[in-house]
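Got some structures for you, see below.
Shared between the two complexes below is subunit A, which pairs with subunit B and subunit C, respectively.
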Partner chain A sequence: MKVYIRSAGNISPQHSLDKELFLGHRIAQGGSRMTALEPDYTHFVDAKMIRRMSRIVKMGVAAAMECLRAGGIQMPEAIITGTAYGCLEDTGIFLRRMIDNKEELLSPTAFIQSTHNTVGAQIALLLKCHGYNNTIVHRGFSFENALMDARLLLQEGADNILTGAVDEITADSHAILSRFGIYKKEMHGPGIPEDQKKGTVAGEGASFFLLTHQAQGALAEIRHLETIYKPKHFGDVENRIQQLLLESSLTIDDVDLVITGHNGDPAHDEIDIYLSDTIFRNKTTFPFKQLSGEYPTASGFALWLTSGLIGGQKAPEWFPAIPLPLKHILICNHDLNAHHALYLISAC
Partner chain B sequence: MQTMNELMDQLKRQIIERLNLKDHTPKDIGDDAPLFVEGLGLDSIDALELIVLLQQEYNIKLSRAEDGPKVFHSVRTMAEYITEHSPEKTTA
Partner chain C sequence: MNAPVFIAGLGVVSAIGHNAQDCLGALSMEKAGMGELELLRSLQQGKLPVAEIKLSNQQLASMTGLSPGTPRTALLSALAAGEAIKDAGMENVQNSRTGFISANTVGGMDKTEEFFESFMKDPASGKLHDVVHHECGAITEIVADHFGIHHFISTVSTACSSSANAVFTGARMIRHGLLDIAVVGGADALTRFTLNGFNTLMILDKKYCKPFDEHRNGLNLGEGAGYLVLVSEKIMKQLNKSAYCTLAGYSNANDAYHQTASSPEGTGSYLAMKQALASAGLKPGDIDYINLHGTGTSNNDIAEGTAIKLLFDPVYPKMSSTKSFTGHTLGASGGIEAVFSALAIRDGIIYPNLRFETPMKEFSFTPVVRFLKDRRVRHVLSNSFGFGGNCSSLIFSAC
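Right after this comes the complex of A and B.
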């Protein structure tokens, strides 16, 4: 079963919604948190509906609408959303009001909109899409499992599956996760600091893809997708990469570029160092989280970047030198070194 | 003591803030204009927010659900309901 990406839409800490720009102007955000650059949402959603939407809902809806517009499809057959954190902003609002009101009064709108499936639901409401609608919540594998769900639907004969990854970082969640030591404590310059100190840089974003079994006009093919949870040894990941390539009748020499999930936390990046010394030795690699920051569905950004590179057969001027035409890109991401995901993306 | 006009103006500001009607000012909301469907075009989720607003801001619980359409018909009907049921009486 072949799965192709017909089109993509993305909102991130970069100007990624502008397809023509395609990261031409790289945005360098400092600190321990990268914030998504948001467009004027009235271009995507009726002003009356925007008033109830939190940031993540607006980001998800706008990315989905841009994806549909780029794909020339008005009505997808299904909508599948992957998110780990869900709608944190609304969750924080209704919990805070419950406390303020001594647990006697709920804030209805924030409560209703706080559930993880709000983004997928709002997209369906806007489109009046009565098809399959599912939200997958599975930490660092949320997006990968959404893609697997989409693949199963495509196998059953459906087409044009709108599949996305959305996660936001709020002031509250950043403060809480910082207490767990997930994010760096010191303020930093742009990108992912290599300071050998604990923690990474928080990120957020929304990515949507229109998946199809038709190769014609598609940006790229998702040739292989594999997940590995907490590998015992770094060699396990290396072996899985070798196996994945073998199953596609390829070797590492056929891979033009490796997009890695290196996140600047020395505790998490040992795997990247190991792979760069072994299987990725002599390969051009690009750590994508310097653009997006770290979040559980960040592989959505990596897939957007990859499909843009392969689909457009060009890279921004500042990007590492890569051979053209691009045939195969390997995404080797991990969320906090627990959830590892491998994608083999090929030109159509 | 608050007059009816002052109460209605206060209600308009609270409705705009509570329902996040960013494009509206109190002047845009007529005293007798319908709040639901026509006029502001509010819906059932907004009705829940208005019930919470009454309870939170005026300490008034809507005792009978069937009174909702009448009470929330317009800013004036809301203000009249608040006046009738509030321990703090307003002047005409």
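Right after this comes the complex of A and C.
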């Protein structure tokens, strides 16, 4: 059974809610952290509701509403959300108050909003959607496993499955993850790959997609999606790419563009370098994390970018030269070389 | 797509027992697991009863072979999942197309709490080892890596319905031919974060909880883990044992009413139960026992009861909340109660709803109050409902 992307909505460190702005201007943010550009949320949700929502919930809800608007669908049949870290801001607020106040005189608001399913639940609440609702919280596979769940639902007969990925950076999470040496001390210039200093750049964002059986009017087809957990050898990833192309009766020559998860940290980029020397030799590649930053559900951004390229058949002005019309794009992402995801996205 | 999915093994740890046999013993003796908080360092000690497992992390580590510095949720998860895998007679889960789909609600929060005490004083202090497993998914990976399961791993977190969703995700993947074996369930340890969180909501009973009683006063928190080994028919035939039962039906619906409260009509609960019956091809009259979500809060029990009335009136199956034994184990509850449901079918038993005295004035039905044996238990409905309106129901059927 085929899985198509009817529409997409995205919030990221780029102008992803405004197609013309996005195509014309790429945003480079200095420092070791790329912050999502937040829209005027009153365009998506009632102002009274917004005041009660945390930042990650607002980003998730706005991306979901934009996706539904673009797809012309008022009520999805299911809502599936992937998030690795969940609602960090409210978790941090409740945790800090609990310690500061010595477990006394606490208010429930932050606790209520700290549960990992808050984004999916708030979307259901706004839409009054009683359908299937699930939240997957598996690190670098959170979004991929959400997509797999959506694919099963489509095969079981449902349609218009709203599926997304959302994660936020908070001051605490950035401070803690920085101590692990994950991020660069400072960024020079816009492109991640040109900078060979240790560490990557933190990112955040929300992406939602309407998945459907119907090819008509769809942006793109998710032809293949595969995850690899902690591969023993780089060659394992290469073999799986060959295998999925074979299963789709394609060769690497049919792939017009490769979107890679290359994040600029020499400690994690060896796999990307290996693939660019082997199967992706002579291929045009684009490391998407220079636009989104690195986070475990960043592949949501990659899928948004890819479905936009294939659906619009137009590359941004700042993009590398690619052949039009685009037929097949491969997304080859990994999160710290533990969670690898391969997507083959094709024109409808 | 409707191929049978068999339960080949199970494992559980809760305040009433460290394995399935001990839990069954406590259930038949009508012995609850609540008591004083002893192991978790919290200022709520002595104020709120909890269903705590009286095994230290050191003891859990030596029972599982994991390091004592591992988050408690992962230790509990490894203990129960290990029992389930052994019970199924599968020593080589890593050689098959095996999935590990596990649920939890706060990951390694027990360690994060310790880290934050130092981190808040000085952002450069706090042991990084204590936050490395903060994510829910990290808990699942510790356990998956421990058992060598790598073909498919995933973590579900839909509050108190988390592990019910993990259980039926595994069943669906087997039916779709994506897995042969799925180790499914969930775990959650008591943490100060959740204990204080639920306390702020003013839904914790200062005495032992009384689910479905007119004078119920809230829930008691508990901790634990429960796992099932689900297998396809082909794998079941290769095993030298009989299955406990099948996972015959399941459904997930959303109440879409409020972030933490259930709708008065129990819309989400009703839809979950009704759709689960439809997916199993059963009628309400076929159900012999309902393992209730039955937290003991005013709101849950009226919503769940209203939905049951709408679906089952006037003939009600036997029903009870085993949370009156184990407390509410949050992300573990659907897994633990799935284990109890499978055992009810295998042994022909029905568990009592402890401390029930006064029927709710809204309903004509009452829960079972004594342990019943030698019963015909063919079909069991297990409910798990959570924050965010997430409602899931599972149906287990005799083979």
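Convention: the second predicted complex is superposed on the first by the 334 of 348 C-alpha atoms of A that agree within 3 Å, B and C clash if a C-alpha of one lies under 4 Å from a C-alpha of the other, contacts with A are read in each partner's own complex, and residues count from 1 in each chain.
We take it that contacts are C-beta pairs under 8 Å (C-beta built on N, C-alpha and C of every residue); 3 or more make two chains touch, one makes a residue touch a chain.
Predicted model only: the values in this text are computed from it and were never measured.
Asks: On subunit A, do subunit B and subunit C fit together or clash when superposed?
Replies: On the superposed model, which is not a single observed complex, subunit B and subunit C fit side by side.
Asks: Return first, second, both or neither, reflecting whether A:F141 touches subunit B, subunit C, both chains, or no partner chain.
Replies: Second partner only.
Asks: With both complexes overlaid on chain A, does A:L336 touch subunit B (first), subunit C (second), both or neither?
Replies: In the superposition, A:L336 touches no partner, neither subunit B nor subunit C.
Asks: Is it subunit B or subunit C that touches the larger share of residues in subunit A?
Replies: On the superposition, C touches more of the residues of subunit A.
Asks: Once chain A of both complexes is superposed, is A:K230 in touch with subunit B (first), subunit C (second), both, or neither?
Replies: Only subunit C; A:K230 stays clear of subunit B.
Asks: Counting only touches as set out at the top, which of subunit B and subunit C does A:C348 meet: first, second, both, neither?
Replies: Neither subunit B nor subunit C is touched by A:C348.
Asks: Contact-wise, after the overlay, does A:I112 reach subunit B, subunit C, both or neither (first, second, both, neither)?
Replies: both
Asks: In degrees, to the nearest 10, note the angle that opens at the C-alpha centre of subunit A toward the centres of subunit B and subunit C.
Replies: Computed angle, apex subunit A: 60 degrees.
Asks: Tell me which partner A:R51 touches in the superposition: subunit B (first), subunit C (second), both or neither.
Replies: first
Asks: Check whether A:I73 is in contact with subunit B, with subunit C, with both or with neither, and answer first, second, both or neither.
Replies: After superposing on A, A:I73 lies clear of both subunit B and subunit C.
Asks: Could you grab the smallest C-alpha gap between subunit B and subunit C in the overlay, to the nearest Å?
Replies: 7
Asks: Common interface residues of subunit A with subunit B and subunit C?
Replies: Residues 106-108, 112, which sit in both footprints.
Asks: Any idea which subunit C residues touch subunit A in the complex?
Replies: Touching subunit A: residues 1, 42-44, 105, 112-113, 116-117, 119-120, 123-124, 128, 131-132, 135-138, 140-141, 150, 153-159, 165, 169, 172-173, 176, 192-193, 196-201, 252-260, 267-268, 271, 386-390 of subunit C.
Asks: Within their complex, state which residues of subunit A touch subunit B.
Replies: 47-48, 51-52, 101, 105-109, 112
Asks: Which of the residues in subunit A come into contact with subunit C in the complex?
Replies: By the definition above, subunit A touches subunit C via 79, 84-86, 91, 94-96, 98-100, 102-104, 106-108, 111-118, 120-122, 124-125, 127-139, 141-142, 145, 149, 152, 155-156, 172, 175-176, 179-180, 229-230.
Asks: If you look only at subunit B, which of its residues touch subunit A in the complex?
Replies: Touch list, subunit B to subunit A: 19-23, 41, 45, 48-49, 52, 55-56.
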